[in-house]
Amino acid sequence: MKYVSDFKWKKGIKVHEMVEYLGEVGFQSIELKKASDVIVKMKKNSAKIFLTFTSNMVTSGLRGFFAQLIELGIADVIVTTVGGIEEDIMKATGEKFAIGNFDSDDVELHEQGVNRVGNLFINNESYMNFEDRVMPMLDKLYKEQKRWAVSEMLRKIGLMLKDKNSILYQAAKNDVPIFCPAITDGSFGFHLYLFQQKHPDFIVDVVKDFGNILYTTSHDEKKGVIALGGSISKHHAILCTLLHGGAEYAIYMTTAHKTSGSMSGATTDEAKSWGKVKDDSDVATVIGDVTIMFPLAMIKALEQLSKEGLLK
Amino acid sequence: MKYVSDFKWKKGIKVHEMVEYLGEVGFQSIELKKASDVIVKMKKNSAKIFLTFTSNMVTSGLRGFFAQLIELGIADVIVTTVGGIEEDIMKATGEKFAIGNFDSDDVELHEQGVNRVGNLFINNESYMNFEDRVMPMLDKLYKEQKRWAVSEMLRKIGLMLKDKNSILYQAAKNDVPIFCPAITDGSFGFHLYLFQQKHPDFIVDVVKDFGNILYTTSHDEKKGVIALGGSISKHHAILCTLLHGGAEYAIYMTTAHKTSGSMSGATTDEAKSWGKVKDDSDVATVIGDVTIMFPLAMIKALEQLSKEGLLK
Amino acid sequence: MKYVSDFKWKKGIKVHEMVEYLGEVGFQSIELKKASDVIVKMKKNSAKIFLTFTSNMVTSGLRGFFAQLIELGIADVIVTTVGGIEEDIMKATGEKFAIGNFDSDDVELHEQGVNRVGNLFINNESYMNFEDRVMPMLDKLYKEQKRWAVSEMLRKIGLMLKDKNSILYQAAKNDVPIFCPAITDGSFGFHLYLFQQKHPDFIVDVVKDFGNILYTTSHDEKKGVIALGGSISKHHAILCTLLHGGAEYAIYMTTAHKTSGSMSGATTDEAKSWGKVKDDSDVATVIGDVTIMFPLAMIKALEQLSKEGLLK
Amino acid sequence: MKYVSDFKWKKGIKVHEMVEYLGEVGFQSIELKKASDVIVKMKKNSAKIFLTFTSNMVTSGLRGFFAQLIELGIADVIVTTVGGIEEDIMKATGEKFAIGNFDSDDVELHEQGVNRVGNLFINNESYMNFEDRVMPMLDKLYKEQKRWAVSEMLRKIGLMLKDKNSILYQAAKNDVPIFCPAITDGSFGFHLYLFQQKHPDFIVDVVKDFGNILYTTSHDEKKGVIALGGSISKHHAILCTLLHGGAEYAIYMTTAHKTSGSMSGATTDEAKSWGKVKDDSDVATVIGDVTIMFPLAMIKALEQLSKEGLLK
């Protein structure tokens, strides 16, 4: 039996020390420490790791952290939404997102051509620049072939970027596939549509990509899911592992609650129903803002994995 | 200036009377009444109405209500996730979902072949029956043509169903298109994949469907969005209306909060930044479980629209 | 086993019919129906009913509903916070609270002398009028005796009010005690302090009132708790029933979640640990805004109790 | 204008470095960094600092951190609920709280004599030991005088404890008053009641203590509020500063949202309505679990204050 112990600050305390102590504090701090331990366990047991996140996390500075994690060999498969793809490309091609306010005057922002994502701002100009950059990319792709599975298209685009903080770039370089089941649900979708208007034989084959995600793993391989936020990115990773008998390890971090019956709020309790999770030490659900919770849990795991020589 | 007034029960009180009174109670009850008024306003001003919902709402009994709303001419365009499509077809072909418990023993459920969605249960058998029913449907579609936009495929499937409580059936019958930007993110996606393995020239054209949703409305037409829950269904409807200059009316109902910067938690404040919303009486955000909030607001609106002869 | 059934609107649908149907819809709608059933059960089994609510609900129009419930014999004991006491007195003496907006400009409101409680507004003037009214009341109390238990003081004040929509008035008239363990945490506390400055032997005896709440019930009597919102009002009622071996029935309605370990978010699962709850049909936790959830569940119960002649 | 920047892990990263980087990440991470800055500002400008927390935080390991903060001269006034008082005394006299699980079987826990607070466990035995320890304390107090203001009583009890990790001990030693407006709302209240039964002239004077909190500060002095969680502890500190014209600085950390109109969910926007907050850099609201958010923000502030020689 473990007991609550008094938390104390000591000068210069490191993140991994703090997370270690948080494991004996209470409420979500205990779950956070558990999540960190599960990540280490996944990696030590050579599980194939599915990392999923929503687009607002790519709007945020977590984007560089995701790229770093791919580089370090933490993530084997990425699932995200199309906004995450768009904003990674924008940042890789020089766009900057400003830090604003949750309670900004939205009418005023509109007049200034500013789009608000929580307390972050994206200029209309960034979307226009994105269009200018993405169209030549589609041209190149089309010249190569007419019919593209999404993850294959994203791999090619990743190779066209030159930014080591880019998710697409690092994923392409490290042979980590990126899946995006709703590729048309964003301005990228609009550009694909305009392109298809000019080239009716241009096809984005989402069905083929379902086969691609299935082939990333197998029934026999150990599998782990790190799902940040909810949405189809979380659902898609769970679906894929389920079709292979379920994941052995799972971490969900979210601000949603299970009481509404939504996918975003579903907890790792359900993971137990997959029949492969052996005990409570293989899963953790952390309730809280991912921009804070994830770096904490992940950094604690990275320090440990680094010490044991388990990072790329 | 309106004032808070004391709420009192009177025997046999009707839903629309209660919602009327709730408008003078406080907190979310005021927003609920506002939402009801905005729905009436949308309809009276002949706005094209985009109704979006997540799949867990189709798991719930709201499914029949959505079908009824389509029949009554409330919804002009539907956007949902693939789980919603699957479960509507399951129910239309005889499957039943049981009422369970949020805190069920998930390991035990797994042994019984039961899948849990919040406090609702779906048997594995229902998924197997779904497979048996959907495969012949894909055969029929394939015989007709090889390349399908999603909404066109869903329309054909709707016509194959014989259930007036079915969303797909009513939508097909009433010429209301259903969009589903992540059509592969569910067991339906797996069946599409298996089908394509046998018929490599079978194509689900999501890019073409982006054009289809764009053509449902125009810059000049008034547009209203009723977004229930978050996810890509909400995002996709907003995206479409934005590409036509923004919606004039918007109602969001959700359990998510704006503090995490997620799409699910984004409020109708942002709608003001679209530049078309004239004043606060055109938008409402209601925080709460949609299975309760939506029937309340909608029934109040239906009674009023019915009285004014504005229902189909 | 109960099954999900399709919800349909029928013209003129009544609140109790809707709540009945909601019991087969899903997620919180099912819990809501359960809560309604537990209220009926409490009453039928002659449990002593503890009704607790926070002050913001008295700011809202629920105040008149609470008074009505006392009149109808639903509540046997009331626990609330001092803000609830103050605002009930304000309303009983003519003050009106305006309906505003969650996102008002608070600096501007300050200049206008307006205090905001969510989307409701209270004028500074109302607080000043409250002071004018409460001081003579304290004079009267002091003339009678020097040392007052809180609930006894509130009973006397209730008798001085002449408003059948007043909680204090109905409670005093119907011999329902009102407990308020933090009587000084509001402007009423400030007035008590000013009064004591002039009359140093004036004593508010909170310790004695603990005995008073203990004597409202006994170990042998059946007990039910209806806790609306969290805070010390909820905690105090649970504490009292626990000291008598625990309640047999409990309903919690709240927007808080259990994941933070707070009292506000504690669910009725814990009630099972009291050892008296026989089965799941005796407790219900509903997540959602009380201004909507409580009238729904309560009205359904009232219609049924009225039919069976169980209302006062 | 500040911009989002890519977050990257570097080996051995310290907590204060991480929080610094989080200020450019997004969503709550930005608010967290702001909160840290406001704490530094409060202290630098010699504001009187009101630190408030709910009892579950004292159940958790934050208890030792609060004691340390008092020792370091961060908090000038403490407001908490009686559960916090009880559990601080329990821990100071040797009781240990176990780390459990949010989803424990509560019926089983009951049989083992275990009380659950979220994922933490308190044994019945600890409550019995508490009774044994608190009764002699009340005897000593009663011998000294019959009528006690709450904060004066807590100061005396603090001096009887011998635990440098104790909040009451450090507060007493450092002349930091502890206010607890609902002193009877816990097992301590029950013991006070039993004691008064034997000694009817024993009086706990809550009205006098309202004067005491008022005298901790003045209209002219700068004031800051750090409110962790909601409840009356938060409300009481705000009330006191408001009666002196409002605080200049305020930080709220909570899992509650403003949409329900509750005190727990009220944000620091309202603080602007007090008329003393000069600009946005003086207030911050952080949504999230306090056991994680508070140490992060506070440690960043402590490192800075330590460097500038502003700690005791």
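Letters A, B, C and D mark the chains in the order given here, with residues in each chain numbered from 1 onward.
Criterion: a residue touches a chain if its C-beta (ideal position, glycine included) is under 8 Å from a C-beta of that chain, and two chains touch if they have at least 3 such contacts.
The model shown is predicted, which means the values in this text are computed figures rather than measured ones.
Q: Using the touch definition from the top, what's the fewest steps needed to get from subunit B to subunit D?
A: Counted as steps through touching chains, the separation is 1.
Q: Between subunit C and subunit D, which partner chains are common?
A: A, B
Q: Is the C-beta contact count larger for A-C or for A-B?
A: When the contacts at A-C and A-B are counted, A-B has more.
Q: Could you please state the distance in Å, as a whole number, between where the Cα atoms of subunit B are centred and where those of subunit C are centred?
A: That gives a centre separation of 36 Å.
Q: State, to the nearest whole Å, the distance from the C-alpha centre of subunit A to the C-alpha centre of subunit C.
A: Spacing between the chain centres: roughly 44 Å.
Q: So, what's the distance in Å between the C-alpha centres of subunit B and subunit A?
A: 26
Q: If I count partner chains per residue in subunit D, which residues reach a count of at least 2?
A: Each of 26-28, 56, 59-60, 103, 118-120, 257, 259-261, 269, 287, 289 in subunit D touches at least two other chains.
Q: Which residues of subunit A touch subunit C once you look at their complex with the stated criterion?
A: 26-28, 103, 257, 259-261, 287
Q: Write out the stretch or stretches of subunit C touching subunit D in their complex.
A: 54-56, 59-60, 81, 83, 102, 106-107, 109-111, 115-120, 147, 181-187, 189-190, 192-193, 196-197, 202-211, 214, 229-232, 235-236, 239, 243, 255-265, 269-270, 272-275, 289-290
Q: Could you pull out which subunit C residues touch subunit B in their complex?
A: By the definition above, subunit C touches subunit B via 1-9, 11-15, 18, 21-22, 24-32, 56-57, 59-65, 67-68, 91, 96-99, 101, 103, 118-120, 165, 269, 280, 287-289, 291-293, 295-296, 298-299, 302-303, 306.
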